[in-house]
Amino acid sequence: MLQEYMILSIILFCIGVVGLISRRNIIVIYMSIELLLNAVNLSLVAISADMADASAQVMSIIIIAIAASEAALFMSLFVVLFKKKSSLDANIFDMLGSKR
Amino acid sequence: MQNEIIFAILALLTIVSSIVMISAHRPIDSALAFIVALICIAALFGLVNATFMFVVQIIIYAGAILSLILFIIMFLNIKDENLPDEKNKNWWLLGTSFIVAPFGLILIDLIIRSDITINRVPAEGFGNIKDVGLTLFSKWVLPFELVSILLLVALVGAVTLAKRES
Amino acid sequence: MSDSLILNILLLSPLLSATLIFLLNISISGVKQYIYTSLALAGSGISALLALYLSYFSYFENQVFTSHLFTWLSIEDFIVEVALKADALSSFMILFIAPVSFLIHVYASGYMNKDKSYGRFFAYFNLFIFFMFLLVLADNPIIMFIGWEGVGLTSYALIGFYFEDIKNTYAGNKAFIANRVGDFGFLSALMLLFLEIGSGGMSFDAILSNIGQIEAPMLSLIAFLLFVGAMGKSAQIPLFVWLPDAMAGPTPVSALIHAATMVTAGVYMVARFAPLYNLTFDVSLFIAYIGAFSALFAAIVATRQFDIKKILAYSTMSQLGFMFMALGVGAYSTALFHMFTHAFFKALLFMGAGAIIVAFHHKQDIRELRGIKESMPALFVMILIATLTISAIPPLSAFFSKDAIMSALYASGHAPLFLMAFTASLLTVFYMFRLVFVVFYSNTKQVGEANSKSMLYPMTVLTIFSIFAGLLNMPEIFGGNLNMSNWLDIADKKFIVTHFDELMLMSINTLAIIGVIFYTYKRYAYTNTIDKESEHTLVANKFYIDEIYSAVVVKPLYALSILFDKHISNNLIDNTIHNLALYYEKLGLLFSGFENGNVRNYALYMLVGAVSGFIYLYVLLRAAL
Amino acid sequence: MSTLSILIFLPIIAAIFLFFVRINIQIVKVIYMLVTSIILYVSLKLYVDFDPNAPMQFVEYKVWIYEYGINYFVGVDGVSLGIVMMNAILMPLVAVALYKQRDKHGYWIHLLFVQGGIMGAVLSLDLMLFYLFWEVMLLPIFFMIGLFGFGRKNFVTMKFNMYTILGSLMMLISILYIAVQYKEQFGVYSFSLYDLKNITLSSTQSILVFSGFMLAFAIKIPIFPFHTWLSETYRSAPTGAVIVMSALMAKLGTYAIWRFLFTLFNETSHAVAPYFIGLGLFGLIFFGISAMNQTHLKKMFALSSASHLSLIVVGFFIYDVYGLVGSSYLMVAHAISSAALFLMVGMLFERTKTHYIASLGGIAKVAPRFALFFAFFALSIVGVPLTAGFVAEVLIILGAFNYNIYIGFITATTILIAMLFMFKMISKVLFGEPNEVTKNFQDLRLHELFALVPLALLVLAMGIFPNYFIKNIEPTAQFYILEKEVPKNDK
């Protein structure tokens, strides 16, 4: 069972990465990040089951906690950014770049 | 055998809903697709007896986080003109997939080729609240406390961020 | 007094007085004029007295004075001592340099009277004498070269003395640059000389005794280069251009530096290296021809000049040409003898010209100075005597010296040289009497200011010298015994001329001269011929030599300068460098496009990198799996 | 602390101290004078105690970074002595001449810093130490031009620095390369000059490493194709920086050729000498003729400096005792003269606010003392007798004739080259009638005289009694010549 779980986790992770990079909508980007975390969680839980050890599940609980706090921050960021530019386009927020 | 069939269905459902999630134009569609994916993942947790994880996944992800997302999407009242103009979205998706594909394929290849399963027989009550709780508060108590601090920080951060602008 | 002390005082007293005057002049304003005068006269007077003392012992007792001051340089074999040596030749040189300098000092104290730069003038003047003594008394050519350059430097300062008119300083620049071209040759020759035989010592004695060790071509090269130095200093073709312009300086300067002393340094130097030139006939002959061309060229140009000082300047160049002719055919003491007499009469002529210029408020054009005989009779007499002397009328001093040159040229068998010299000497008579007749014999009358006594007394002394200086080297034919030649004891070539030939030569020469005087009298005295002479002929414009030099040397140099600076440095090299920097910047812009602030793009780059690293690792490790 | 360490570190420590302590500018100047005077005193003592016949003296050796053989290793010999003395003499005089003009802390702090840096670079015998100081002395100049310069100062200072650092980096690579080679051949790391000269390199390696060093020095000097930073930089730099650059830093480039290239790569230096003689002679004439057409005083003097520095390079590469001694003498002589000239140009600018030759004139009439000193130093650059430059030029010309008669003739043109522009410049600046700009020209003030008179006396003394000075240089040169001839005979 572990191998299948792992393969599924890899596929989900890849999909997450694709979404993360190719989409400009920040909400979708956020959800892609969550998908990455879920992919990792999936493999952790699978390993935990395979090894009959709860530690890996604890790790995924911690990851979920982190994801929750991330969610809180992201949501407030969405609000702030949307209020400022009234757009969800990630390309607008490029102040870090070297503008010519 | 039964488990394998359930797994195959769930896996397919997860992958399809994930793909829908990253390719949907409107965020609300994505979020709905994402809920499907998350619930499927929770089901996959349950399939390997991780009952506590199953519950947590449903409550926190599908319950709390996703509802928060939906709430925000509705709260912001996003209209079509607020959405980014993603003309080349599909090309981007395709291109990125081609870049990521080798990564995934190689990993899958490695997984298939190597024998990583241990198949230890779980004890009674594995994966329920008691088991996980004991591990959490004995072996992992320090990370747990740290995470609580992190949550506090995130809370304060979110409040200040949202408050400053309003 | 010990010998060396005398030499040292002789050398250093002008330097000391120059330094004192200089310090006074630069630090305190409003010093009384007589302080400068007494300092300057003390400096040159002491050395003049000592020079006479020195020459006396040298002449009668063949005494050689030496003095060793300190070691200038000592690196391996290159040992240069600052040593002074007054042998016969040096004593002979200071015998006329020091007294003439002193007399011109006295004269200058009158000429420069009330000038605001009185102190500065005498500081330079004494400094010049110091360098001239150093040049003449130095015991080795390197120290001589220092003196040689030093006189050039002071000459530069004195030509540009009235620096308010920038043209004067340009004349000074020209003089120094032309001199330096000569010095380039001189210095190169010295270096070669040292490398060939320098390990035997750099004193003149050592060099001249070792000179036989040098191979012929190198010896000729050295001799030629030395002569290049002489060309510059003694204003011979082709480096003569500075001398006419040098007349921009005050007249005492022209008298002392550009007539009597500095310009003769070239003659002295060639005479000093006589043993060298005796071994190099080709170079000697070259010298003789350069001298002949210079003499003839200068004489021709002088016939159409109007500036009284320019006429005298060309005359100086011409007379120097005579000396070089004599040097070239090997009659060294004859050349020196002419230099000796020339110093007196040419100084006298310049001082006379200066007296006229002062009297008539700095008018220098002979057309404006007509008919001044009555107002200054003493001056007229002295200038007339000097003119007769330069024309070589017997029994005045230059008669003996010029005649000796003529007979040496005649006996040497170089007919072209002799003919050129003869023509030049007749032209000399022509242009000198043209000057005299135009200025003094005229229908118009002018009255100028009276000259001060301090100007006239030195001239009187010089007049006496001009008349009698010839006695020093009376040829056998007049019952003399060539005292000076015997004293100097230079490796002269001996020319055998029969008494009949010599007498014939003299009489023809004298007759021709008298004929020319009459012709000139007819042409210029009490007539307006001079006003009809155009200023725009080829001759009056000095054959356009200055313009040719400017077109051939100066303008191409400036063009080259622009080429080097603007085109090569700026356009070629610097622009290449700037363009390199520019392209580098462009390349930077190309890459900065990647850094556009879109974090997901950064993630893409990261991903590409990670994936390619991943693939690489996979390929690498595939075998192990 | 021993003599050499005082020379190196006292100015640097003082500079750092002044940097952190913000005090009154007057006190800064007093401290500057005090420190440079102490340095001058110590240097004079060094000069008196110096033994001409010993090879390397006052050597100090302290282990610094043991594992890599990088040590604090300093010493002085006949060549470095000249630059040390110049550095010690010029710095206080610059302050004496300029103290009224500059009321910025940084100016004096940077000058102190650069003094220490130059001392360090001259005295160090360890290549890493040398590289360190070589870069250290660059920085204050960078800031001085940038902060106190004229015109397009930012561009110019960037260009100058990038140019110089390009060369320095090549040198660093070369240093590291030979250190690694040493490790391979002898088993330990060492950056000491005397250890590194024992390594054997193939001719290709040797030439590559040589070029790395040479590029750094050629840019600093500058030799012909690397000169384009020069005139713009000199034009923009403030007086103090120009003096440091022309009188000391450029000389360091030539000094380093002798100290490092001739010691480390003696055969290669011999092999490439003809090219550098050619380049030097070309530069001598090229810069001299380029200077003829300059309208800006500082640019003209910059090119004049370059011309003389090319001559110094020629003197070194002809490589006999006359050339070496002559070049080292010219280094010192030219340092004094050019420092004095740039100082006077600074005074000129302070009074007239112009650097252009065409707008000046008639200064001799209103300011005779200024004119006297200006003409004197200009003539000493030309190399008239009784000035130090003359002695040096005679020696270099002698060496060149000894090398080859044609080279000799071309080298001898040096006595013509400088005249081409110098005399016309003197005429235009000093002579003629005073114009609007110069009619109120103030003559030299007392403190300026205090700065210039010692320099003038030094130039005269070095020209009249050269033997007294040269006897300190000559044994060192002889020592190098002897050392060079050994491998020559082996072949």
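Here the chain labels run A, B, C and D in written order, and each chain numbers its own residues starting at 1.
Heads up, the rule we're going with is that a residue touches a chain if its C-beta (ideal position, glycine included) is under 8 Å from a C-beta of that chain, and two chains touch if they have at least 3 such contacts.
Nothing here was measured: the structure is a model prediction, and the numbers come from that model.
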Centre-most chain [mean C-alpha coordinates]: D
Whole-Å separation of chain centres (CA-atom averages), subunit A against subunit C: 97
Centre-to-centre distance between subunit C and subunit B (centres being mean Cα positions), rounded to whole Å: 104
Centre-to-centre distance between subunit B and subunit A (centres being mean Cα positions), rounded to whole Å: 7
Where subunit C and subunit D are represented by their mean Cα positions, the distance between them in whole Å: 36
Per-residue multi-chain contacts in subunit B, two or more chains: 96, 100, 103
For subunit A, residues that touch 2 or more chains besides their own: 17, 21-24, 90-91
Set of all touching chain pairs, with the criterion as stated earlier: A-B, A-C, B-C, C-D
Residue numbers on subunit C that touch subunit D, as the complex places them: 26, 70-76, 78, 142, 145-147, 149-150, 153, 160, 163-166, 168-170, 173, 176-177, 180-181, 183-184, 187-188, 191-192, 194-195, 557-558, 560-562, 564-566, 568-570, 573-574, 577, 581
Touch list for subunit D against partner subunit C, complex: 162-163, 225, 227-228, 286, 289-294, 303, 321-322, 325, 361-362, 364-365, 368-369, 372, 379, 384-386, 390-391, 394-395, 397-398, 401-402, 405, 408-409, 412-413, 415-416, 419-420, 423-424, 426-428, 430-433, 465-467, 470-471, 474, 478
Interfacial residue positions of subunit A with respect to subunit B in the complex: 1-8, 10-19, 21-25, 27-28, 30-32, 34-35, 38, 41-42, 45-46, 48-52, 54-55, 57-62, 64-73, 75-80, 82-84, 86-91
Residues of subunit B defined as touching subunit C within the complex: 96, 99-100, 102-103, 106, 110, 113-114
Subunit A contact footprint on subunit B (complex, rising order): 3, 7, 11, 14-15, 18-19, 21-22, 24, 27, 30-31, 34, 37-38, 41, 44-45, 48-50, 52-53, 56-57, 60-61, 64-65, 68-69, 72-73, 75-76, 78, 82-86, 89, 92-93, 95-97, 100-101, 103-104, 107-108, 111-112, 116-123, 126-127, 131-132, 134-136, 139-140, 143-144, 147, 150-151, 153-155, 157-159, 161-162, 164-166
